[in-house]
């Protein structure tokens, strides 16, 4: 019994990371009507920048604070310099330009750090396990769950409680309306895209001590983000949360039953959701 | 007046988008070989009604009978084979393809199984040349047969819009604001085009141009806020108080020879 | 509607010309290249890119799932030639069939969505197939793939018609298959079906409104694309002797897409240009700089940002400038309708 409980908790941990991955993608799509195929590459950068900073002897906490800002800035630049030019074009070009970007980023990573991947140490403070009655669990994973929960709350607050958030939500419905209201829609675009990149980077930083940094992790992350968004519903914050948790738990529990099939199961779950509820669990129709 | 049979009967048509009720129970009966106009202020639900009639979208309630068949559940491509064809309020052509090809595709749409033929090119009998040529002549677009649709002028595009519906050789042709955005010169051409359709087709028309509506319609249905407000001959509608107040009185002018 | 990433209707004269060009390329490669394997690869991936082009240029469907069909083709030929040895032509036919079947399944689900949602689905399915292949080592060899795939000579009974042992001998076979497949694809492109696909790409709503069953049309496009890509996968596996897991990886789908886009989606032959560019430049650059994919990523971005008609379009523009032909505005004005 307790091994399943353990896996469920692991699943929640992974699920929160998946949520983080997916929510940036979802928000960017909701506002920009743009699926960023370089999203996984920002995740990748997050992991590697974290690795590099720790290699320089800096603390994990500093990395956690700085890396998202750096990657967010990169996202901001990308939107301004590159993406602006493709908005008017057909959606194939949006996708292809970000695919190209993802490839460039991946190759730069390999160029800089080699193709084999690196280990990232767990920060000292979070090493070891927590013991609570008969319950034993790695400290770091608990931290991840807690931290992402706080982040989720923060994001929720930004979206629901601030003017920026309202503008984003309104802009998701209609960009013309928002610009008619005097808000510079393009400025919001850059900010939102940067936010999306930053959340992906945070996910990368958090994931790095758990699984290391490896050049092809971006592609897998992209696939998972897509699954979560499809399951949870495109453009929905709570969909990303529920979808992420669901997928994380499914994967985790499956890994005790059928190890190689664990990753496969999340895609099977996706296919099932698609057949039964094409717009995702919490997605809007159309 | 000779009573012709009803080609189209739509009864109790409802359409809801979540909480918003676009159509709250609309009845529409159209007689064969007539021009039946649907008018009304913006937001009345005219285009939504068209979507329901032609199958572009599904009804939330009600029944549609066309040519004796219940087509309520049938999607648009099925209704085309029944003999219903429509044009769109916002020009919706195949922009990179030449005019001739646009029409050929529309003509072929009535035999959609041929579209799966991955071996034969559309030449000879398969090219529907006569149908296309006839429509080209009717539209007056012969000279532009090989021009890509996106290169036509707005008026020519609106005519091609009507042509796309015509090419299917339909029994009933649904025109959604065919003259929208047209200049004066093009308007007369369009009016004559629509008037000429009556002999071989039944025309259901959404229009804001009252000149055309009053001049060529046999029946006018006035809609407001998802319901039918009034229905009758053009002159009756012109003098109807309810209709006047719906339009704030001063928009129903025109109509050449008064009743 | 962006007209850049679009296939134009071609005239019979143009199609014959393209077929001759293809023949010329096929004959030129043995005379100018050292490696028979590389030459075969150009044709094999050219086929795969054409399959992708049928979806992208003709139908407006951007599919990240081509690796699925490529992988299915590889695995099928491997299994049918090693485990239950079947005559090679039959094995090849089965591989084509499996590619088509896989495409039918993926297409049936993915086509329910449109636009970017559709694209995401194809990527997710590609990942799914990858993990299926990974987790069934009994069937696919898992991480190692299937190996020792023979390359049986073409024979009737005991009489050997065409030995396929050496790279250039195999190239001859691949070239034959390529030309036949290209000719068939040309027919599809020029057929009523192909022309209807163009309408679907141009304006889906209208195509549906005038009577076409969009789902079935797209599905048929998928099936044809899957068949061609499966064929490519099978030929590749026979050439290398292995059916690796990598054939089902994201990178394969990405590579095929990149070749298609860089070549240009204006016509089928452009896909051969794309595969030739990718493989030949890659072969040359990779000896100089192992991370040459970086340049490719940049090229992809450049093409998406500005050079949307791909290399073929670039060549066309250069040719027109040379011959002094001025094409005002839309190129399609001089196309189609002139039988």
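Read from first to last, the chains carry the letters A, B and C; within each, the first residue is number 1.
In the analysis below, a contact is a pair of C-beta atoms (placed from the backbone, for glycine too) under 8 Å apart; a residue touches a chain by one contact, two chains touch by 3 or more.
The structure presented is a predicted model; accordingly, all values stated were derived computationally and were not measured.
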| item | value |
| --- | --- |
| Pairwise touch network: line, ring, star, complete, or other | line |
| Per-chain CA centroid nearest to the all-protein CA mean | C |
| Gap in Å, rounded to a whole number, between the CA centres of subunit C and subunit B | 42 |
| Mean-CA-position distance for subunit B and subunit A (Å) | 48 |
| Where subunit A and subunit C are represented by their mean Cα positions, the distance between them in whole Å | 32 |
| Residue list for subunit C, restricted to those that touch at least two other chains | 1 |
| Multi-partner residues of subunit B (at least 2 other chains) | none |
| Subunit B - residues contacting subunit C, complex | 54, 56, 75-77, 80-81, 85-86, 88, 92-98, 100-101, 105-106, 108-110, 112, 114-123, 126, 145-148, 150-151, 164, 168 |
| Residues of subunit A that touch subunit C when the two form their complex | 29, 33-35, 82, 85-86, 89-97, 99-104, 106-108, 110-111, 219-220, 222-223, 226-227, 229-230, 234, 258, 260-261, 263-264, 267-268, 270-271, 274-275, 278 |
| Subunit C residues touching subunit B - in the complex, by the definition given at the top | 1, 3, 6, 8-9, 12, 187-188, 190-196, 198-199, 202-203, 205-214, 216-217, 220, 224, 329-330, 332-333, 335-339 |
| Residues of subunit C defined as touching subunit A within the complex | 1-2, 4-5, 56, 60, 62, 109, 112-113, 115-117, 119-121, 123-128, 131-132, 134-135, 142, 250-251, 254, 257-258, 261, 291, 293-294, 296-301, 303-305, 308 |
